[in-house]
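Shared between the two complexes below is chain A, which has chain B as its partner in the first and chain C in the second.
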Partner chain A sequence: MEILQVIILGLCLGFVYALMVSGLTLIFGVMRIVNLAHPILIISGAFVSYWLFILFGLDPILSVPAAALTVALLGVLLYKLIFEKNAAQQTYSEMTVLLTFGTAMVIDGLLAFLFHNTQRTASPAYATDAIFIGDIFIPLAQLYSGMVSLGIIVVLALFLKYSEFGIAIRATSQNRTSAELVGVNVKFVCLISFAIGCALAGSAGSLVSFVFSFFPSRHWEWIAILMSLVVLGGMGSLTGAVIGALVLSVVSSLVGAFYSPAWSTMVFFLALFLILIIRPRGLFGIRTD
Partner chain B sequence: MTSLLSIRNVTAGYGYGPDIVHDFSLSLNESEVKCIIGPNGAGKSTLLKAVAGILKPRSGDIFFEGKNLSGKEAYQIMRLGICFLPQERAIFPNLTVAENLRMCAYSIKDKALAASRIKAAIGMFPVLGQRLKQIAGTMSGGQQQQLVYARAFTIKPKIILIDEPSLGLAPSLVEQTFSHIKQIASSGIAVLLVEQNAIKGLQTSGYGVVMDLGKLVFEKPANEVLQDQSLRDLYLGKALKK
Partner chain C sequence: MISLICLPIVQFFGNYNYVIHMVLFSFLYITMSSSWNIIGGYGGFISIGHNVFFGIGAYFSGFIYARYGISPFYTAVFAGMIATVFGFAIGLITLRVKGPSFIISSIALLMIFRTLFDRWELVGGAHGITLPHNTLSVEWSKIPHYYALLILMVLSIYLSWYVRHSKFGLALRSISHDEIKSEVTGINIKIIKVTAYALSAYLIGAAGAIWGDYLTYVRPNIFFIILIAANMVLMCILGGKGTVTGPIIGTIVMIFINEFILANFGASELNIFFTGLLMILTLLYFPDGIIGSLKKRKLLPGFLDWG
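And now, the complex of A and B:
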């Protein structure tokens, strides 16, 4: 029974990781931007929900839209300021690594200046509660945050799969020129995709705010974890990123429970090294040429 | 009467590189089919890219229905009625056939019209209708070609620019492709074709345009180019001497 318990907890966290990584993978897929600022945007979203909870007692789950919108607007601003003009450069993808790294440092510094690097967690009433199904107990915070994450991912997937704009986003991520040639305003699609990616970061932040303790500099750790998920799934593949997140989260929980919690984070990095050696394009990677 | 498309003194090239197309002028009337031929590196594809707006001309102007296209983005030019089928990747290989067809009709604002156009295109290429859920890139070469040319019948542009339609195709597919192009031409769409397979290209066209080193050498009715032995030796090369 214990193993089932660990797997369920791992899955709940896995959905949260999947949501965290979905925006990153969308932005990379469409624009080839390696957004190292994604985790700090997640933390920004967490701060929005945290303060809404502290100041107005608003449940972090209810503040998901507010966090998503705030971070999306921040994203649009960033995109207009630093990405759009450089999109035609040949070394664009490489350049975005530096640009986003710098951006991450600036936002990190700003948040630390405003709120200090102290650990925080939003603590709605259910945060300390749990339900029991037979012998298995599930903390409500993790259950809720996992389920809402799953819901958002499903909505995103349906949007990308069936809506006209969603198909245009996928077409653009396959080939910008081809998309332009069927009449897609590629610049606009990029802007909206970036905003959606940031909104996903913001909503993930909101859902993380009562599950993990967070502080501005924590994003450095998440960069590494999220990048390993993106690489495992195959750069730019949403399905791959979600499956990667679920698998690694469960494995990491199992290692933490049965071996030592000290090793559970290590799982992500070992997986990253292994996948790069065995299958560099990831589980669901599309060849980009 | 002004012509449908008028390319005036266009010079174009890539990045910081040299000019590929020099001071080139050409016009195309409604329902006309012209084929641009010339050796490799003559600037034929570059010219089509400049017309489609993928490449900004360094100087000169391109007019379509009297409107100057300079400064317009490729998607805006496409929406005006100029459809460009590039050498490769004219379809989205990782999307399904149905999604590809929806993307073909993306520029049509009226969704009922878009749906009926897609239906009509499927009527012309029934094999696409049987494979709507298949990932386009996994279809055979011939089926992919049908998907490419279904676009012309979905959006019904005024002009279609086709870059090297026969490049890399098996001989049987070349026949099929040119029959699609003839179909498009006979539906009243003007065609500007760039083709290495000069005979096939000229047989399909009303006019032959010879281009070399980025410049217009001459423009003549296609059958004259085909019949003139000295022109054949000069510009059509080995392909004709078998």
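And now, the complex of A and C:
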């Protein structure tokens, strides 16, 4: 019974992780940018929700759109200032990764300067509650955040699958030149995908704000965690990202429950390291070379 | 050079510990960025986890000092060797991938080591190892570190220069341009890459040992943080990666900027902010760095042109 309990908790967190990486994998798919600044954008979103909760008592789940919008605007700004030049060519270089690394440092430094590196968690009333199904208890915070994440991911998947713009995004990520030939405005698609990716980071941030405790410098750890999820699933694939997130989240919960909580994050780091060495494309990845 | 050897004389005229500290801090980072340049600049493998070797060196010597009382000044040589062995083993695994995958794997490596040392009770877990102070008076306590790091810096610059002008370095630079073509011309790319990686680990490890003794404590949250690696990378790129003098100039400029920020704004968070900003600006507008840009425009003075 205990194992089922652990798996369910792992799945709930897994959906949150999936939302956290969905933006990362979308941006990589379209622009071939490994956005190391993604985790700090999530934390920016978490701060938006956190302050809305502290100042106005607004529920973090309700502030998802606000956080998403704020971070999306921030993303557009970053895109215009930094990435536009590099988005023009499909081949990425190490320099672009370092650019996102520098961006992450800039935002990290700014947030740490403004809010200091103290641990924070938004604590809405349900954060400490749980429901019981038989012997299994599910904390409401995890349950709600997992369900909201699942909802957002489903909407995103439908959008990519059926809407005209979603099709343009998928076309660009499959083959940029062909997409341009059939009349897709690739530059605009890049901008909008970057904004959507950032909006996803922001919405993930709102959910993170009451599931995890967060502080600006924590994003270094999250870079490795999120990378492990996308790398397992395969960069650029949404399905892969969701599966990778669920698998690793459950494995890490199992390690945490049956071995030692101290080693549960090690699962992500080791997985990342090993997958990159053994199969850099991941399970569902697109070819990058 | 001679003025650097003689600089500690100022201590006879009063307490200039700040000057000594800044100069030896520059030595440390020139050692590290020049070493990083071997694999990152000549080889083109950008590692943002290179301070793993810094930490390994510091922990090795620190542990022996705390346990057996043998000073890090003697064990630094072996700390470097341990770092090299690790570098060789890690290089064999990670250098099979390149580009962004390599960068991400280097971050993963750093996180793995950070987590390991945070949990490893033998070396003090997250509290790390505390080392005894040396018995010299305040004015002279920094001098042994000063000379040790000066020697390491000279070695690192020599190593960088030697690699740049050797056949080995030529092979390395050809790998950074095109691995497949290099292999076709008969270069054993695997050996070259891994050797370069291990070489760049040696002096970083030795510097770690000295730096651990200087700080008198060795902790995961000081040695295994990504900021150290970020500094190495930025100093190297700012000066011009793939040049011998680039990392030296980059380090000096960077340390001046850091000190200026610390003196004017105080908070170390802003330091991270400006480091990141500088990295973005350099990458966007001077991807060749100071030395590289000057060289391109043929404005580089001869005494800085070492290849």
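As a convention for this text, the second predicted complex is superposed on the first by the 279 of 289 C-alpha atoms of A that agree within 3 Å, B and C clash if a C-alpha of one lies under 4 Å from a C-alpha of the other, contacts with A are read in each partner's own complex, and residues count from 1 in each chain.
Here, a residue touches a chain if its C-beta (ideal position, glycine included) is under 8 Å from a C-beta of that chain, and two chains touch if they have at least 3 such contacts.
Since this is a predicted model, take the numbers as computed values, not measurements.
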First (chain B), second (chain C), both or neither touched by A:113: second
First, second, both or neither for A:228, with chain B first and chain C second: second
Partner chain in contact with A:185 - chain B first, chain C second, else both or neither: first
In the superposition, chain B vs chain C on chain A residues touched: C
Touched partner set for A:263, first chain B, second chain C, both or neither: second
First (chain B), second (chain C), both or neither touched by A:129: neither
Footprint overlap on chain A, comparing chain B with chain C: none
Of chain A, residues touching chain B in the complex: 164, 167-168, 170-171, 174-175, 177-187, 286
Residue ranges of chain A in contact with chain C within the complex: 34, 82, 85, 92-95, 97-99, 101-110, 112-113, 116-117, 216, 220-221, 223-224, 227-228, 231, 262-263, 265-266, 269-270, 272-273, 276-277, 280, 288-289
Interface residues, chain B side, partner chain A - complex: 52, 54, 73-75, 78-79, 83-86, 89-95, 99, 102-104, 106-107, 151, 155
Residue ranges of chain C touching chain A (in the complex, touch as defined): 44, 46, 48, 93-94, 96-97, 99-101, 103-105, 107-109, 111-112, 115-116, 119, 225-226, 230, 233, 237, 267, 269-280, 283-284, 287
